[in-house]
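Each of the next two complexes has chain A plus one more chain, namely chain B in the first and chain C in the second.
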Partner chain A sequence: MISVFKINARPGRFACFVLPWVLFVVCFLLYTRASFVRHQENPRDKLVPTVTQLIDGVKRSAFEEDRKGDLRLWVDSWASTKRFFIALIIISLGILIGLNMGAFPYLELFFYRFFLFFDKVPALALLPILFITFGLGEVSKVALIVIGVMPTIVLDTFLRAKEFPRELNIKAMTLGASHFEILYRVILPNIFPKVLDTLRLNLKAVVLFLIAGESLAATAGLGYRIFVVRRYLAMDIIIPYVIWISLLAFSADFLLRYWIRHKYQWLNK
Partner chain B sequence: MHSHILELNGVYQKYPAKKKKMRTILSDINLQVSPGELVTVVGPTGCGKSTLLRLILGSERPYQGSVKVNGAEVKEPARNRGIVFQQYSLFSNLTVRKNVMFGLELEYFSLPGRFFGFNKSKLKEFKEKADEYLQRVGLLEHSEKYPHELSGGMRQRAAIAQAMVMKPEILLMDEPHGALDMGTREEMQIFVLEQWKQENLTVIFVTHDLEEAVFLGSRIVVLSQFYAGNTSSGGAKIVKDVPVGWELPRPTSIKHSKKFSEIMQSIRHEGLDPHFLQEIRDFDLRHNDSLSLNTTENWD
Partner chain C sequence: MAKIVRNINGILMAVLFASVFLISAAQAKTQTFTVVWSIYAGWMPWDYAGHSKILDKWAQKYGIKIELKKMDYIPSVEAYVAKKADACVMTNMEALDMPAASGISTSAIIMGDFSNGNDALLTRNNIGIKDLKGKDISLVELSVSHYLLVRALEMNGLKENDVRIVNTSDADIAPAFIANKKQEAVVTWNPLVMEIMQQPGIKNVMNSSSIPGEILDVMAVRTEVLQKHPELGKALAGAWYEVMATMSKRGAEADKAMEIMAQAAGCSLTEYKAQLKTTAMYYKAKDAADFTGGSEIKEKMNYVRNFCFSHGLLGENARSVDEVGIQYPDGSVQGDKKNIQLIFDSRFMVMAAEGKLE
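And now, the complex of A and B:
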């Protein structure tokens, strides 16, 4: 145990397996303890539902039809996931914009300052404007996510394309590459894993804007639901939903990380 | 027709400096190179060797004067001039074989062609050709590796194969051995000589290592900013341009011969010593192709 604070420590297999889970278990234990104590004082406590109550909440939202005959959790998940992916696809176009900006000086002049400014516009402050112009439908919710996250992706891709060694572009030209081929066969494949990494780190922002949009105007969606049931202090619904949202985001992050690690082995230099 | 594959006429290169002034790097460079030469370019630090190479490569345009390859003005880096840099010559996302195939593929497949008319037999042909060159540079068994898995010397050999497979009219090398240790460097020198002879290449080889320059070159060009009448901002000129007639194959032992050290001595003295300022008319431009400023004198 003395070797914990050594920068050259080599954790054993047991430590590798157990340590990553410790804080999860601690949180769980603290929660159940708090819930137990509060329920002893007041059996009808709503703020810290017991684990049984939480499981019951999950059952009701996932496997029992509500008044409209929907399995709420799945309807909500589908609505949110759809928005998430549509936004992600549009955001990915930002990679192409950034790439072209970084490679072509004229496009850099044309776009850079605009995106730099656009990036500083707080997307949430634009939300009222979006609702007024696009109404309360899907467009404004997706637009919010895109406006909030795309500039970051554009600027990040731009910087990476720009810092790409000029020598390699020249080399490609001596091998007969056209300017477009340099963009799409030299620069893009080389910076793509790093851009994916940025996209991965920005999943959090995507989810944030998604929940924000849904909380204000929606008829289904994970964010929408937690804000609706808040009125009834339905912690037994809210807590599972929050964990579920986090799990979905974590899985998306995990998949991207897995993809990067396995598809781009040359990256690990 | 053009008996010279490369012609530089009255080339000046200037860069913007402070207070809207221009700093001259190269001053009135005249250089003509015949096919099949291995021209080594040496000079003191900051003399503009690499600038000269970039002008020939076309990644930079001259401030004044003309750079012509086979009679055509150089405008940007192109297919007929291969380049090997000190680093950043290989694409790190491609295996060694794919790196060598890259140029061949580009030439045959257009960008949409990669998605539609994908031609397996053509790919196989490229693979065989790439393997032939990898075999020649001794990297065939490493063809599936990525550049970061190779040693410095192997990387440079792969870069040379990548450039050579395109059969460039001129192969440009910008301090290709700068990052290699002594032993590897000597191996690479012998390797470059072999390839040069075998492929009958025209090579412009920039180096800061005088010994390497004297050993490799069939012609040595010395650039220097130190000559009589030059102020600090006058730019470098070719102060020495001499043929070197070592036999091939060339054992590295000639580096210890008397003649070798004599040549080294004279270049070090006339070309690299900042305190030795020659008059322009005294420059030793013995090479047949050099546009001598004082043509009346006979040197041999």
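And now, the complex of A and C:
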């Protein structure tokens, strides 16, 4: 027991297998307990559905057509994933902006203060303006995500490019590299995995803005569905959707981590 | 070291047990009741009742305390369903599809008003209802706006599938529609309708005055609470009809009261009065009681419950429209008699009409 609080403890195989799951199980038990109690009091309770009801909710959303004839979970996932990736691609352009800002002093002067300020603007508060300028279609939803997350990526890349050791640049120059070669063949490959890491940590913000945008105006999407079925308190749909969104975001995070680990093995050496 | 570890473990266990306990513990009942309300022309009198201490006076008379809380509309109904509030203002539709459908038996004790133009379908480019086929229509999905649209389409031989509904938050629906000339049709409620109508080239093609008495605004109280504490119903009805009496008087006193309501609603007195024109208030308790006790309401509720059922609002597993029972003052029941969850209860309105609350 005491060895738990040793900083040089070496957890055994059993602990390695069991401990990561303990809190999941606790949450699950607390939930089923709460749902059991509520259903004893009111068998028609919708706020904390039982596990069977949740499974039924999953079945209905994933495998049964709704009244519009859609398998809504897949329609929604497709709509949201599309927005997610389009936004992610645009946000990735921020890496190039940040890189150039970090390397070229004139570009730094031009962009830095603006992005620093822009980063602090609460994007959600801009939503009405976005809807007025871009309408209620896809553009405004992607724009919301980009405005919310891109400045962070730009600034992070900028800082990393900036702290890149000057000696290495000089070394490259003496070897005859051009300015652009230094940028894209020396600095970028060196900071790229770290920037990917920042992108990965910002997936949460991407998902948050995605859901916020969808909740306000949409015809399909994971966030859209959650806010529509809320009108009739269908927690048996909402809870599986929330878990599904978390799983999707977790997988995106996992893929990026996998990419970093395998493509940039030198990073940890 | 071992001691610290034991202490930490103790604390962790305590927190764990406390959270289990808190989640499962039933709420303690006190004599203070929470009434939640949201901004709407027909509900502003509640704010005035609180502001002018009229509500306090009536609560005191019946030996209870009533706490009035303002919330956003859907969260307020959610709070009510979660039993964090004892009473809440809502439409007949939400009363049926939110609390009643989730087994929170609800009594509608005050028939406040019905929407008589407050909800409207607006178009630009001179589009009529029949031209809506294939068009995008912005509205808050599954709200009374959605209901109004379906009724409008039905009356004109169209189906819901003939149009494409874009779910749009009521926070953005008006500015987005005004700014975006490509959007051709929108369904929303007041004061947003008024705001949009001020723009040139907008046509009001259908509104709730064509379906009078279908979109009702009621004070809903949890039946369980009302059975134990009928004095809550009495205090609410007493306060409400005192405010109604003030409002229906003409002249300075009514204006002063309405000025306060307008302020709380964030509009001018003139604007508020304009909104009241499209709200058919039941200023007299007798009128409200008569409508609630009449036969017309059953016919109107039948439209509403069928809409709710066909849109999955009674629960996606509901097998028939009759699954949730609705009881009327004459004792008749629409739907399942064994599962009465929505009760139109005119007792308190009758008492107010007969002067028994004085």
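Going forward, the second predicted complex is superposed on the first by the 269 of 269 C-alpha atoms of A that agree within 3 Å, B and C clash if a C-alpha of one lies under 4 Å from a C-alpha of the other, contacts with A are read in each partner's own complex, and residues count from 1 in each chain.
Quick note on the criterion: a residue touches a chain if its C-beta (ideal position, glycine included) is under 8 Å from a C-beta of that chain, and two chains touch if they have at least 3 such contacts.
Source: prediction; values computed, not measured.
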>> In the superposed model built on chain A, check whether chain B and chain C fit or clash.
In response: fit
>> By the touch definition at the top of the document, which applies to A:Gly135: first (chain B), second (chain C), both, or neither?
In response: second
> Does chain B (first) or chain C (second) touch A:Asp197, or do both, or does neither?
Replying inline: neither
>> Quick check on the superposed pair: does A:Asp119 touch chain B, chain C, both, or neither? Answer first, second, both or neither.
In response: neither
> Should A:Asp253 be classified as contacting the first partner (chain B), the second (chain C), both, or neither?
Replying inline: neither
> Looking at the overlay, what does A:Ala217 touch: chain B (first), chain C (second), both, or neither?
Replying inline: second
>> Per the contact definition in the header, classify A:Arg231: touching chain B only (first), chain C only (second), both, or neither.
In response: second
> According to the contact criterion defined above, which of chain B and chain C contacts more residues of chain A?
Replying inline: C
>> Please compute the chain B to chain A to chain C angle from C-alpha centroids in the superposed arrangement, rounded to the nearest 10 degrees.
In response: 150
> Should A:Glu108 be classified as contacting the first partner (chain B), the second (chain C), both, or neither?
Replying inline: neither
> Can you give the closest approach of chain B to chain C, taken over C-alpha atoms and in whole Å, for the superposition?
Replying inline: 39
> Mind pulling up the chain C residues that touch chain A in the complex?
Replying inline: 1-2, 5, 16, 19-20, 23-24, 26, 74, 78, 81-82, 97-98, 101-104, 138, 141-143, 161, 164-169, 171-172, 175-176, 179-180, 182-183, 310-317, 341
> Within the complex, which stretch of chain A touches chain B?
Replying inline: 165-168, 170-178, 180-181, 184-186, 189-190, 264-266, 269
> Touching chain C in the complex: which residues of chain A?
Replying inline: 1-2, 4-5, 26, 30, 33-34, 37, 41-47, 56-57, 60, 66-68, 127-128, 131-133, 135-136, 215-219, 224, 227-228, 230-234, 236-237
>> Touching residues of chain B toward chain A in the complex: what are they?
In response: 57, 59, 76-79, 81-83, 85, 87-89, 91-94, 102-103, 106-107, 111, 146-148, 162-163, 166, 168
